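Some structures to go through are shown next.
Okay, so subunit A shows up in both of these, paired with subunit B first and subunit C after.
Up next is the complex of A and B:
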């Protein structure tokens, strides 16, 4: 399994092309053979939408019908962040400014945009109940706001401690697990929302998921950017 | 209370490490260590209860969210799932105890605890899942934590190995995911129980299974897709090596077996099961010969894993025909996974003790180890007995079952492979045991080289696992019975 770069010898490139073409042909044949009438689980989802507590089918699937998948996916995100932090050469943590010197225009713009982005994310979170939106979209916007701030030279504010950052990264998963266990103690099964509380609990989970997804995206961005910065500083490079 | 625990058991088993993991991260290394130990201890009765429950009442089905498949996700615990949970939990406990001594409270290894607890929970989630998309998420969780754990030492070799491992693992996952998408498109479900009824060996079905098989074989490191395994398993910190070889490779293998034997039924694809068997046989020879050529202990043990994975794949051609041979092949294969998990984790932990104490793991430099570290030398010897498949070890029972299955199904050549593989294993085990129980190297100043005995928890944990792999052969009957509880129709001889 050599790396396929322009420097690879011709036979390897031809072999790689042949493998890709073969898999491609197999996939095309397989996809074309799928009967067109099959509608999957959509009718089942529609039939149970009423009972899910929300009106948007995607949110119902993500948080309720297949909420267990989402629980594990948040674990994947959190795990990826812990992994990146553990591998980052400096291990210095998160949310240090990336740009050494702030561009005054950019930093003024970021100051203006960041609150708006937080507001947009709040809207997306709320809208997820009945329209496209939800924690993942809202969290992405929070994450983008954080990345923008970091790029504009804003450092982690002193009042956000290392512990608070770890808390922000893990709170989504912890609240999700806590809700799941709470439902079990209340007499249901794992992630079985009581009908009258379903909407409230899902919103609670999604709110904290938004916080965590935002913190995770910012941390991933900054932690994976830091080694390069470190190297540049070490080699005394000037821009 | 008791009734509640019984009802929630499958969820509780998974929730234990998954609750401990974020707490271990949030509260840092100081609390991570006790949290991991408490989680490991509390997991023991849960796993044991689960196994007892399954052996009494058969398959447990737990409908997450209360919806039930195919709309929701089901946790399904049959005999083989309960066995895998049990072995994960037992190996997990001893690895945790070992790691407490191995990593100490060194700050740079603070990430080990949350990563390890996440890996533990992910493996349990994988073994209990009854939904092929959920299994994809589990696979990602397992790979993500395993890759980070491999790179934990931040040495150049470890980082390169981790990177290579990650690329292989992601490629494998994506192949699997492609298959899941095709299956959902063609058969309208990702729930295994539903799929069992509707899946067909048509163009889409076969393409999906082929893609998933390639992906899972890559993740299980079956020859010739094993290239990533030896560097990853040998450069990882030893407690991690132990978990990777003992449990992680079995995770993807487990999904493969579920897909073939339980969901799709091998009968639909008879030719492919022979191919998997041939690759398994090649892996046994290739891995053993490579192991013989290694100078470093951990590399030797890693190549031994490549060989031992081969045995697992002999299950496919032996199960295909059904009948009593299928049942023997099924119990033999699963039993092999279990006894290899115990023996291999013991070997890697023993190798880690050597590495931590002497600062190197060159086999020729370890002469006379039996006098300086008798427990560690003994651990290696006992685990070696299982690798070779000598009675009364667990490895013997596993190989006995496989040989019986070969004879019963009239495919004697697989029996030859099993026996020859045992001889080759003896060769590489004695390559290590020879120096261990031989003379000490002459030109060695002991005071300089030996900082003194390792913590007893490390040597004890490794020895306990090795003893476990040995005792398994004597006390294996309950386990064999448990493997057959609610076994797939093809194996149990029930016409579906």
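Up next is the complex of A and C:
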């Protein structure tokens, strides 16, 4: 690692600087050209908020008006996780404690905090209906709880099998796409919620999204954090 | 210059700083960090745009886009880190050597 060239050669840096200056100038022109009088799509969102089934505009945009974005977003998350899990050479990198010797204070704190974090996550999920919150925030808190547990030396509990972890990673996407297709079968368009069921369906999707996002974030962290020296090093490859 | 201009210009600057780092830093970890700085710039611009008209409620659409963007950044960062770690495992270095752009053939050795 000691031989790393810290910087590119000077001509490359000058060329990069020129490109960046050009891109920066164009970007600045573009952002300054946005008119300050037009209000974008906010009035449209406000006008249709009543029909969306939730009272929080951001949740309405995410799950209803632009539900397609969110569907693809969870697909991206899932694919990235599949990629990360396939790249970790040791297959044990799914939920093993990262710290070999757990700090007793930290592990006691984690025991106390983890249930609180699950509770907060449930609150965020429910609050997303009318206030800032929602599946992604709730899922992040679940993920953080898992990361905290892993860092304070708790191994994957026996009741969460590897299959269960993979099922949790994919369940959000599966439920989301099942709801989307169900709406088509029921005579609507893809992700067009029937007005009377909109809130129920969105809550259903968000609940499973929370589970998935939590599992995904924990898996991403743990697969990325497993110690590199465990992996088989190819020695003598000096170039 | 309005508040929005300040935010969007700062966002563009951040994006360009990240772009420069991505192009000139050979170390993969630096590249991943540069990508993250760039995406922070994009979020800055979007959040700035959402509050373009003073006194009104912020536009929820850019906010939703930022939320989506954060998630995509997290997953791409994790994937990039996993790739970098694998490259380190296989080759013993996590940097692309800036001086041997011409000899790509035996870069694996």
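Criterion: the second predicted complex is superposed on the first by the 218 of 239 C-alpha atoms of A that agree within 3 Å, B and C clash if a C-alpha of one lies under 4 Å from a C-alpha of the other, contacts with A are read in each partner's own complex, and residues count from 1 in each chain.
FYI, contacts are C-beta pairs under 8 Å (C-beta built on N, C-alpha and C of every residue); 3 or more make two chains touch, one makes a residue touch a chain.
All values reported here derive from a predicted model rather than from experimental measurement.
J.: Return first, second, both or neither, reflecting whether A:192 touches subunit B, subunit C, both chains, or no partner chain.
T.: The answer is first: A:192 touches subunit B but not subunit C.
J.: Quick check on the superposed pair: does A:154 touch subunit B, subunit C, both, or neither? Answer first, second, both or neither.
T.: The answer is neither, since A:154 touches no partner chain.
J.: Considering only touches as defined above, state whether A:208 meets subunit B (first), subunit C (second), both or neither.
T.: neither
J.: So, A:36: does it touch subunit B (first), subunit C (second), both, or neither?
T.: Once the two structures are laid over each other on A, A:36 reaches subunit C alone.
J.: Which of the two partners, first being subunit B and second being subunit C, lies in contact with A:60: first, second, both, or neither?
T.: second
J.: With the two structures laid over each other on chain A, which partner does A:217 touch: subunit B (first), subunit C (second), both, or neither?
T.: Touch status of A:217: second partner only.
J.: Touching A:27 in the superposition: subunit B (first), subunit C (second), both, neither?
T.: In the superposition, A:27 touches subunit B and subunit C alike.
J.: Output the subunit A positions appearing in both contact lists, the one against subunit B and the one against subunit C.
T.: Of subunit A, residues 1, 23, 27, 31, 34, 39-41, 45, 66, 69, 73, 76, 79-80, 83, 87, 89 contact subunit B in one complex and subunit C in the other.
J.: Please output the residues of subunit B touching subunit A within their complex, sorted ascending.
T.: Residues 8, 11, 15, 18-19, 21-23, 25-26, 28, 62-67, 70-73, 108, 111, 114-115, 118, 121-122, 125, 133-134, 137-138, 140-141, 144-145, 147-148, 151-152, 154, 159, 162, 168, 178, 182, 184-189, 202-204, 207-208, 210-211, 227.
J.: So in the complex, the part of subunit A that touches subunit C is made up of which residues?
T.: Residues 1, 3-9, 12-13, 16-17, 19-21, 23-24, 27-28, 31-32, 34, 36-37, 39-42, 45, 57-58, 60-62, 66, 69-70, 73, 76-77, 79-81, 83-84, 87-89, 134, 136, 213, 216-217, 220-221, 223-224, 228, 231-235, 237, 239 of subunit A touch subunit C in their complex.
J.: How about subunit A: which of its residues touch subunit B in the complex?
T.: Residues of subunit A touching subunit B: 1, 23, 26-27, 29-31, 33-35, 38-41, 44-45, 48, 64-69, 72-73, 75-76, 78-80, 82-83, 85-87, 89, 91, 163, 166-167, 169-170, 173-174, 177, 180-181, 184, 188-193.
J.: Over in the complex, which subunit C residues touch subunit A? Could you list them?
T.: 2, 4-5, 8-9, 11-13, 15-17, 19-20, 23-27, 45, 48-49, 52-53, 56-65, 67-68, 70-72, 74-76, 78-79, 81-83, 85-86, 88-95, 97-99, 106-107, 109
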